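Order of writing sets the labels: A, B, C and D. Residues in every chain begin at 1.
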Amino acid sequence: MKRIAVMTTGGDAPGMNAAIRSVVRCGCASGVEVMGVFRGWWGLINEELKPFNHRSVSGIINQGGTILKTQRCHEFNTEEGQQRAFNTVKKYDIEGLIVIGGNGSFAAAHRFYQKYGVPCIGIAASIDNDVNGIDMTIGSDTAINTALAAIDNIRDTATSMERVFVVEVMGRGCGYIALSVALAGGCEDVIIPEIKYDISKICHDIVNGNLKGKISWIVVLAEGVAKAADITKQISEITSLECRAVTLGHIQRGGRPTAVSRDLALHLGKAAVDRLLAGETDKAVGFVKGEISAVDFEKAIMKKEFNVGRWYNLIKILS
Amino acid sequence: MKRIAVMTTGGDAPGMNAAIRSVVRCGCASGVEVMGVFRGWWGLINEELKPFNHRSVSGIINQGGTILKTQRCHEFNTEEGQQRAFNTVKKYDIEGLIVIGGNGSFAAAHRFYQKYGVPCIGIAASIDNDVNGIDMTIGSDTAINTALAAIDNIRDTATSMERVFVVEVMGRGCGYIALSVALAGGCEDVIIPEIKYDISKICHDIVNGNLKGKISWIVVLAEGVAKAADITKQISEITSLECRAVTLGHIQRGGRPTAVSRDLALHLGKAAVDRLLAGETDKAVGFVKGEISAVDFEKAIMKKEFNVGRWYNLIKILS
Amino acid sequence: MKRIAVMTTGGDAPGMNAAIRSVVRCGCASGVEVMGVFRGWWGLINEELKPFNHRSVSGIINQGGTILKTQRCHEFNTEEGQQRAFNTVKKYDIEGLIVIGGNGSFAAAHRFYQKYGVPCIGIAASIDNDVNGIDMTIGSDTAINTALAAIDNIRDTATSMERVFVVEVMGRGCGYIALSVALAGGCEDVIIPEIKYDISKICHDIVNGNLKGKISWIVVLAEGVAKAADITKQISEITSLECRAVTLGHIQRGGRPTAVSRDLALHLGKAAVDRLLAGETDKAVGFVKGEISAVDFEKAIMKKEFNVGRWYNLIKILS
Amino acid sequence: MKRIAVMTTGGDAPGMNAAIRSVVRCGCASGVEVMGVFRGWWGLINEELKPFNHRSVSGIINQGGTILKTQRCHEFNTEEGQQRAFNTVKKYDIEGLIVIGGNGSFAAAHRFYQKYGVPCIGIAASIDNDVNGIDMTIGSDTAINTALAAIDNIRDTATSMERVFVVEVMGRGCGYIALSVALAGGCEDVIIPEIKYDISKICHDIVNGNLKGKISWIVVLAEGVAKAADITKQISEITSLECRAVTLGHIQRGGRPTAVSRDLALHLGKAAVDRLLAGETDKAVGFVKGEISAVDFEKAIMKKEFNVGRWYNLIKILS
């Protein structure tokens, strides 16, 4: 291969810039030219791309977001959009694509490879850690630490004012962020998509704890299961305790990437380039049981399997 | 005086613990006994207090919240509640009170002093920086930095995904937090209680900026003026741009106090003790034009006057 | 078993408190009594211990250091010291020991078990990540992120003033911290115990980079290999460039544990209790390839084997 | 005026970029062209400058360091260097200079104005807060918070391992950083240039504290007074206690500017432009008693006067 392209798609995640840096510099070191595509698939469709070199990616390793920008692109779901994207690939002699993103990005890359035969390697970057078959996505550790700092702050008030808090965190259909921060934050309860929750059980525990002198209570709620405001209202009504809702929202998505998010991004950038140049395609690179590996796109986009029970039970024991 | 008491009331603020530390240790150093009252006025009413010494306040200087806990106490608004509080003061031979809190706390302390003659000195602690007549309340700088870090994170996504964000910050009736973070965050617009806002003007600016290539836009909204969700909806409808709401909420209230919040708390703790022992009462200590001073409770609880225009205009020029 | 004891030994590491919390609460949940021993082996020798319960470990999950305190105890290296420690174990009917610490602690626990037959399970906590056979020690991720934040700061000055910096990080005989922060910090070079360094090669690279317009240069140095001041002096003399030394030192040892350090500590605390109660001994619990497992003390204290080359080569490619 | 220039000189300080942003955008808003000079006086001498516009300063508000770079320039101390700098000023029709820096920068600007009549306004930016006549320099609050976070970390180890630490902070000839962090960090002692220290008194206090059960002790040392290693050695020898030295060094110089450092920079950038355009010269803008004001260069570069005693005594009372 002589020329490859790299892009970021879907929601931004901290560490995407570090991944771009690694792809570009490892590409250069391997003697291939690397083009940066702006705004994901939209940029391929609209010919928004340019050659990147070693210096193009200076000073971005510790910046959140993505210098390549990203969009959710509906046009790529159409026949015409895909064809135009492929036209760009041909026009610029791009022989392989590296797609930094999450499940949606991989599903699109899979379709693109199936239809046009353009080799595609994915790098899993998503704060939700919801990519199946790999240990951890780029950005997830950063988001978890941001949410955890928020929980630590909220704990100060919960303890000082002796209140119940419901804190809604991100994660889409996956409870990973919620479980991690609930455990690390010493939270009393957690509501996740993987396990059915019982509001009367939660309220019973709160009242019981209250009777034993437990003065603060934080319930971590994964987005999608319910709204923080609704859960808060239910708890207030059932327990008659003062209860407050906090929705952390987009603060979880940006910020300086942690060491884990950066190191992951840098190792996987190299792995993606190496595998693409070695002729592999239709899969995402990732760490599996602590070693660099890869998982087929078709498997990666399935519902993530992980040891939910180990986290959940430990939260219950320790609360 | 031989014995004084200290308590925290109203919402917690980072640096309250540092203020407690200073009051207790400066009291001890001045040869008076200091009693810690738990949960503010509620603790006086219910005789929840105990003697504090030099060691009682070890290791709390960098902790958010308040080890004395705090409550909003409705009982103290009744004749009977106040009388019970006074009974406790008499029973324990408390000759003076130091009240760490905000406007509500000072109003209550003022009434208590007027009615029962118990000398009261306030220390202004509130994240909102809404105490009139003093430069800065304890906790305000910490809350501003927490909100600013959130804004920095959101900027990563706003820039990467080219979106409009409306970020709601705390402040009650005062726009100080909103102005500080809007300026320091390089935000494009700010909505505060002190200045009437015009949604069509805001939208016009956004669209105009968009035409000139400005790809991200953050509007900081002070709580109380409107709900972030409502402003977001209006902007979306008028501009047809993707717009997201974030309500920072209680993450702004806790956390490790910054150097400013701690140093302020420590200096004011000493000033409060010194003035109480010197026979002063019915006023709050604070920095005024950079020097330790005091302001009468009656003035402190009035609407805060500050140079709103200087902040507001600069935000407009720099955006 | 009816009663076990837990202690922290060796250097403190962020997450030790979370581990203590988990051991105590999991012990209580399993129906055994847990005694906390103060200052490590010194506390066993001097009978400084007391029963801990669920509430004894409240509010410590996010605190650095260790509430059990820790010491390097020379007396335990003597026959008499060990005998006195064993006397305490007998006197208090302690049927098993959980030792939270690093290699030195495990070597001591191994000898104690060999000699007196007291069941001992270790939990690997050390900022250096130098325990052989397990993925990551408690505290290591926190120390790496602290060092990384320092590197980010130094990069600002290195770039603004166009200077060379040599930054010395911790790690004892192990280059793990140095490699992680050098990679994540985008550092240009790294000196570690595992690979012989060549000062003239380093200087040659710096001068070469300088000719190509590279204006800042950070060399990460693992402690023990050399002193930052000495390396700095050599580089200054050979290259004639302005070069500064920074030794991060003890700032790497404390601070709020990251999510990784806390979650690791909490999972391993439970694993340690479970295994001790199941009759296991003479080994340390840890994650191995992403799963909770255990490694014999004798293996754990050997020189850590890890994929040094993968890190080192990537740093070189990306710089 | 139609064209002015801005530069950063001396050591970099967090918030310099925010000041540049404010100068450039306020200049544009006032209808003057702003040129950015690179590497301070060196850039004037060597004609390294270019026009800046509104977009040139996007995305830098929260970045440490300075995009204009900075150098300590010896050539400007020569007759020839100054003449070349003036030639550049003439050649590019620069009618006024804004110099962002500290005392050394102001002394140079003063000489330049005296000799060539080029109007110069300074903006005080220096982590040391050593500019006389103004409340606070840009960058100082950030440096203090960075040092304070380091002290908080060190406290964890000092408490857990019951040790004495000597922590050396920056500040050049001024004890402001040392006093602020010693107070805010709850440190037991502080050594500053403004007050003669007595090592035997310090050791006496440590031993005394130790006898009363005080288990950790942190002495903050301002650079320049002595070396941390030397003080540490003296304390170890006199008290026979384990004592460790930490020199924070360049980590204090970089990093994301705090809200105070940013807001200060943004307000002062505007004030500098306004005053320069109003015909003022030979002075530095700054906050004086909480209001925007200015101080003559000749006064600004004198030894800073501030209320040393208030800080120092409070540290002693609270320790």
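By definition in this document, a contact is a pair of C-beta atoms (placed from the backbone, for glycine too) under 8 Å apart; a residue touches a chain by one contact, two chains touch by 3 or more.
Everything quoted here is computed from the prediction, not taken from an experiment.
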Required minimum of steps from chain A to chain D, each step between chains that touch: 2
Distance-maximising chain from chain A - centres being C-alpha averages: D
Rounded Å distance between chain C and chain D, as computed from the means of their C-alpha atoms: 35
Centre-of-Cα separation between chain C and chain B, whole angstrom: 39
Whole-Å separation of chain centres (CA-atom averages), chain B against chain D: 28
Multi-partner residues of chain A (each touching 2 or more other chains): 152, 155, 159
Category of the chain touch graph - line, ring, star, complete, other: ring
Partner chain D, residues of chain B touching it in the complex: 18, 21-22, 25-26, 29, 59, 61-62, 135, 141, 144-145, 148, 152, 155, 159, 180-181, 183-186, 256, 258-260, 262-263, 266-267, 270, 289-292, 310, 314, 317-318
Residues of chain D defined as touching chain C within the complex: 8, 11-12, 14, 16, 63-66, 69-71, 146, 149-150, 152-157, 159-162, 165, 244-255
